[in-house]
Amino acid sequence: MFFASDNWAGAHPKIAERLMKESGGFAAAYGTSDLDLKVEARFSEIFEREVSVFFVATGTAANSLALASVQRPGGITFCHSEAHVIEDECGAPEFFSDSARLAPVDGAGGKIDPKALAAKVARFPEDAVHHGRATAVTITQATEIGTVYSLSEIDAIAAICKQGSLPLHMDGARFANALVALDATPAEMTWKRGVDILSFGGTKNGCWCAEAIVFFDPEKAKEMHFMRKRAAQLFSKSRFIAAQFDGYFENDLWLDLARHSNHMADRLRAGIESAPTAKLAWPTASNEVFAVVGKPAIEKARDNGAKFYDWPIPESNQSLVGENEGLIRLVTSFATTAADVEEFLGCLA
Amino acid sequence: MFFASDNWAGAHPKIAERLMKESGGFAAAYGTSDLDLKVEARFSEIFEREVSVFFVATGTAANSLALASVQRPGGITFCHSEAHVIEDECGAPEFFSDSARLAPVDGAGGKIDPKALAAKVARFPEDAVHHGRATAVTITQATEIGTVYSLSEIDAIAAICKQGSLPLHMDGARFANALVALDATPAEMTWKRGVDILSFGGTKNGCWCAEAIVFFDPEKAKEMHFMRKRAAQLFSKSRFIAAQFDGYFENDLWLDLARHSNHMADRLRAGIESAPTAKLAWPTASNEVFAVVGKPAIEKARDNGAKFYDWPIPESNQSLVGENEGLIRLVTSFATTAADVEEFLGCLA
Amino acid sequence: MFFASDNWAGAHPKIAERLMKESGGFAAAYGTSDLDLKVEARFSEIFEREVSVFFVATGTAANSLALASVQRPGGITFCHSEAHVIEDECGAPEFFSDSARLAPVDGAGGKIDPKALAAKVARFPEDAVHHGRATAVTITQATEIGTVYSLSEIDAIAAICKQGSLPLHMDGARFANALVALDATPAEMTWKRGVDILSFGGTKNGCWCAEAIVFFDPEKAKEMHFMRKRAAQLFSKSRFIAAQFDGYFENDLWLDLARHSNHMADRLRAGIESAPTAKLAWPTASNEVFAVVGKPAIEKARDNGAKFYDWPIPESNQSLVGENEGLIRLVTSFATTAADVEEFLGCLA
Amino acid sequence: MFFASDNWAGAHPKIAERLMKESGGFAAAYGTSDLDLKVEARFSEIFEREVSVFFVATGTAANSLALASVQRPGGITFCHSEAHVIEDECGAPEFFSDSARLAPVDGAGGKIDPKALAAKVARFPEDAVHHGRATAVTITQATEIGTVYSLSEIDAIAAICKQGSLPLHMDGARFANALVALDATPAEMTWKRGVDILSFGGTKNGCWCAEAIVFFDPEKAKEMHFMRKRAAQLFSKSRFIAAQFDGYFENDLWLDLARHSNHMADRLRAGIESAPTAKLAWPTASNEVFAVVGKPAIEKARDNGAKFYDWPIPESNQSLVGENEGLIRLVTSFATTAADVEEFLGCLA
């Protein structure tokens, strides 16, 4: 019963086998091998336009370098106040962007509120040298708390970005989960909405280590070659990432894995809603489920070997969790089984 | 006939299999799994003392973070003028150390000359705020040009470091190749000589992606937890690196692979010495061979499919290479075969 | 009628004369002249203990370098959400500290609420590498909105810092104004309360350009010599700052000037309270006055040549300002005259 | 007998008086006052084209920000191996440019050798991500060792820059001294030669603290507004710098002061050439003189109160200085008197 995080799983067998198969032979290093180029071309197919792709080691690297690529001195990037970039990356986005600031914007359900964003942006007129200046916006899809921006919600954010000439970045650590939740195409959920740069995550969805920065305008990607190398993120045996992505994309494996994860989360959601000792903390649509659970049931689950994390009670909604209750996060992955889900739900009975 | 670089090879079968085996199951993320801890303990055994180990994505990351960990404002790190850190890392060491400078020191055979080092260090007295100040020394073992510091040569560098209270770092991208070349133990080649921090490389010697920073004094490693995370170098599924190292160390596989590489290089060296169209550019002791070869022979080798790089003629020895000759670098690896070597040497006949 | 800012004034005649007198002769450069040393010693007398003093060019430099001196990777400095460091320094504190983050803490009257601070600090346990870690606290005295921390209010902040081993920095751009408002000694308002580092401002109170970083523990100041030089803040003709401070401190001129500024602000406060078209936006105790004024009166004042800035309406108190009103800031200085004050108040009649 | 440095002098009386006169009254802060604008316009007149001007606190700030403004990730700036930026600024140029590297280029007489520069630049092809890339060139005029680039020598450097699309920066800490030595106009010595950005120094030539970054193409200066503020180099009472420049330029005072300095150096040069105990170390053309002097004469001069620094013997010319001799640097300034010069020369007799 492993619900701690989707990164507690290993690699999906098909991806592991694809990597195994790649281990022999020789190939050019530093991202120039035939396989690297093939996979880059595959990204362009998937996104229905020519994109520039940069493999990196971690999601934090993808986010940080993506945001660094659009920074300017005194720059401020707006993100949701609970976003991974501001909460869980130890200052990496600032570090890689020569100290550009992240400014939190509130919004219900883990999503930036467009009105709040517009108000924040307006506080930074271009000629006000003291305050710094608005330079970018980043959204997370799916969000840190399991929700998913609808296409029109992305449109609303993108409209503000367009008006302010602010590049829009999407943190897609759980990109596939959001995609299948919306039943949208990769193009529809990104550049067709106005997204300029994407952190495309494969690690949480069945790869060992496969993250990529995707630029929808290759013209704007030119500096990234040097930025990535200087950031110590250019792998010599880059094809070990390419091979993972190759397996990941083959026969739409990636979408199948995400559908499985989301489906397991659906079952958790349904079970929690009907459990006597638990309720959903808020609705979610991806592979993360947040539940308010009675403390005895939490204890029982842990005694039975379930792994999951407590989650901090939101400052804005302290009454969500009663005295003898706890707020927990449950994350499913390609490796979650129906049996695990049932066993866990059994602990709530 | 792949002699372009040891990073053109894939992963050794035993390491690939070990990784394959690890792909199932669940484990704690971010370096806290049992396997991570087991492998860290293995490092302590190998080095015969308690060490602190940090897995990172690339050799550049290992070098840059290791050097950053000992930097101070205005700091200057001394390296050989042909060192990888100053020639081939796109400014990453400076980037991660908040702009500390690398200062080149000359020396024959790719090794820092102790006298030249002492003279350079003396130019930066601690109280001279304008010039900056000496803060560290880094050596490469094996060096960028295939040579290997003897133990007493390391002693000579370490003595200067000790006198100036300068931490000594070793870039061990080809650590195993140097180790077997000297027939020394890991401890003898590092902390017993005065090395404080080591970049321990596995990638060039049969892993996919396995690099580690090793601190011989764990007290001095405390900040690295935050430095690594901020540098976007903390892998979520960290056990994919741990598994590679686990396979790498099992039954001393790593030493066998390095011996094989060096042995293939020995055969190249012997063949070149007796070839009518070629000569060794300088003596080497690890898995890199540098040769001055007649242009027709170079062409012939390339026509027959051999892959290798031209190497820039040293500024200090322009007469090394004649008019109808070229200077080439040949690198062997665990995957180099005797047949490849013979085929290549055949082109020089 | 110049109430735009205290930095619109020039230099007080006595300070200008002291500088004029210094212009002749020769003296050692880079802060080593006899006058530099004399003024440094004067700081120690004023603060009743041995302090380390570093002259810098701007208040932003003083704040940024002071905070940088206590930073660590992943570090977070807590400041009030309206503090100058986070609102008006264009990201300089982050820039100089290699990207350490500023985290805003709320609190009434422009002052950090100790409970809110304690809650924020508690969110960053030392071993949680993802979130970053608490590394410092900075308070502004007098605050950005004209209020002044009482000595016991500083005690409350300092107690939290002490518990968390967090250095406490004070931004004293208007240090003298706060000091005379509290009728405290420099020692009482700083290190006797637990302040570790002070940005000591002279510019807003009658100097041309005289700012200093003061360390109350000289042991912790050692790196600053290199940090300041690397930050391009070490003046060659440093005595031009020393001379200003020499004049500033002579016969307690600095306290007289601050008393004058505050007194002019007192008269503004009294006049506004009794004016039919205006009211104080909130109580202040230093040389800044914030008023809600009817728009016709604002217009009248500007037509009569008064210079002052509109101030953004606080998000937390939108009802403060009526439809036909504006929120303005009035700042007095050593150069403000009673006649100016009366003329301005006349516009509110 | 003060020959230690031109920054041991104070401020010229006319500049001090101009500053004194400015001390009264009120004016807009942060570089927006009428006087700031007037002086900026004066720069455009002096340089015979529209320029963008940014006042900063120190020459190190001017150099560092100028170079930072043209940096790109992995960037390398070429400078002479004895240049102030690489020898005496404690890493500030790297710090402000997010770690871009300075690469030393040799050349006789303290001047970059064009052939050596071209060779170095050629080593960094634009697509070689590992090595970093050439991004700028900086020359010092007058140089650190007292020589002056002729106009055609600047042309030769500029031609290489143009070919490689590398911005050319001039460190003009002693700009005026070079200008009068060449009898050229400011335009002739800068943009007419291909210089893109200039560090214009006033401090060493009679100001207290007056340094400016001058962009010859205002289009390329736009980011500097934010860069300067973020660097804590935007003075609130900016007019205290403007006033110094106003006095500096009035009636060509600046050129007169530089002529005086150079003339005093001429007398030193002539006297040393004819002295029995001394000789010129190398020819110089500005206000710096380097001499090889017998140790007894050095001692005598110091006993008589002369202030000057020993200078390190050049690595490339160790035989320059005999066993009982020393190498010293003598710097003249606007405040140097003929009597001082004669007294010093008397010590060499």
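Structure notes:
Residue numbering begins at 1 within each chain, and the chains themselves are lettered A, B, C and D in the order written.
One rule holds in what follows: contacts are C-beta pairs under 8 Å (C-beta built on N, C-alpha and C of every residue); 3 or more make two chains touch, one makes a residue touch a chain.
For clarity, every value in this text was computed on a predicted model and none was experimentally measured.
Each chain's centre was taken as the mean of its CA atoms, and the one lying most distant from chain D is A.
Set against one another, B-D and B-C show the most C-beta pairs in contact at B-D. Each chain gets a centre from the mean of its Cα atoms; for chain B and chain C, those two points are 51 Å apart. Chain centres here are Cα means. That of chain B falls 41 Å from that of chain D. Multi-chain contact residues of chain D, defined as those touching 2 or more other chains: 30, 73-74, 89-91, 95, 98-99, 129-130, 132, 226, 229-230, 234.
Those residues of chain A lying in contact with chain B across their complex are 2, 4-5, 7-13, 15-17, 19-20, 22-30, 56-61, 64-65, 89-92, 95-96, 203-204, 208-209, 226, 229-237, 239-240, 307, 335.
Here chain A touches chain C in the complex through residues 73-76, 87-91, 94-95, 97-102, 123, 129-132, 312, going by the rule given at the top.
Against chain A, in their complex, chain D makes its touches with residues 30, 72-74, 98-99, 129-130, 132-133, 223, 225-227, 229-230, 234.
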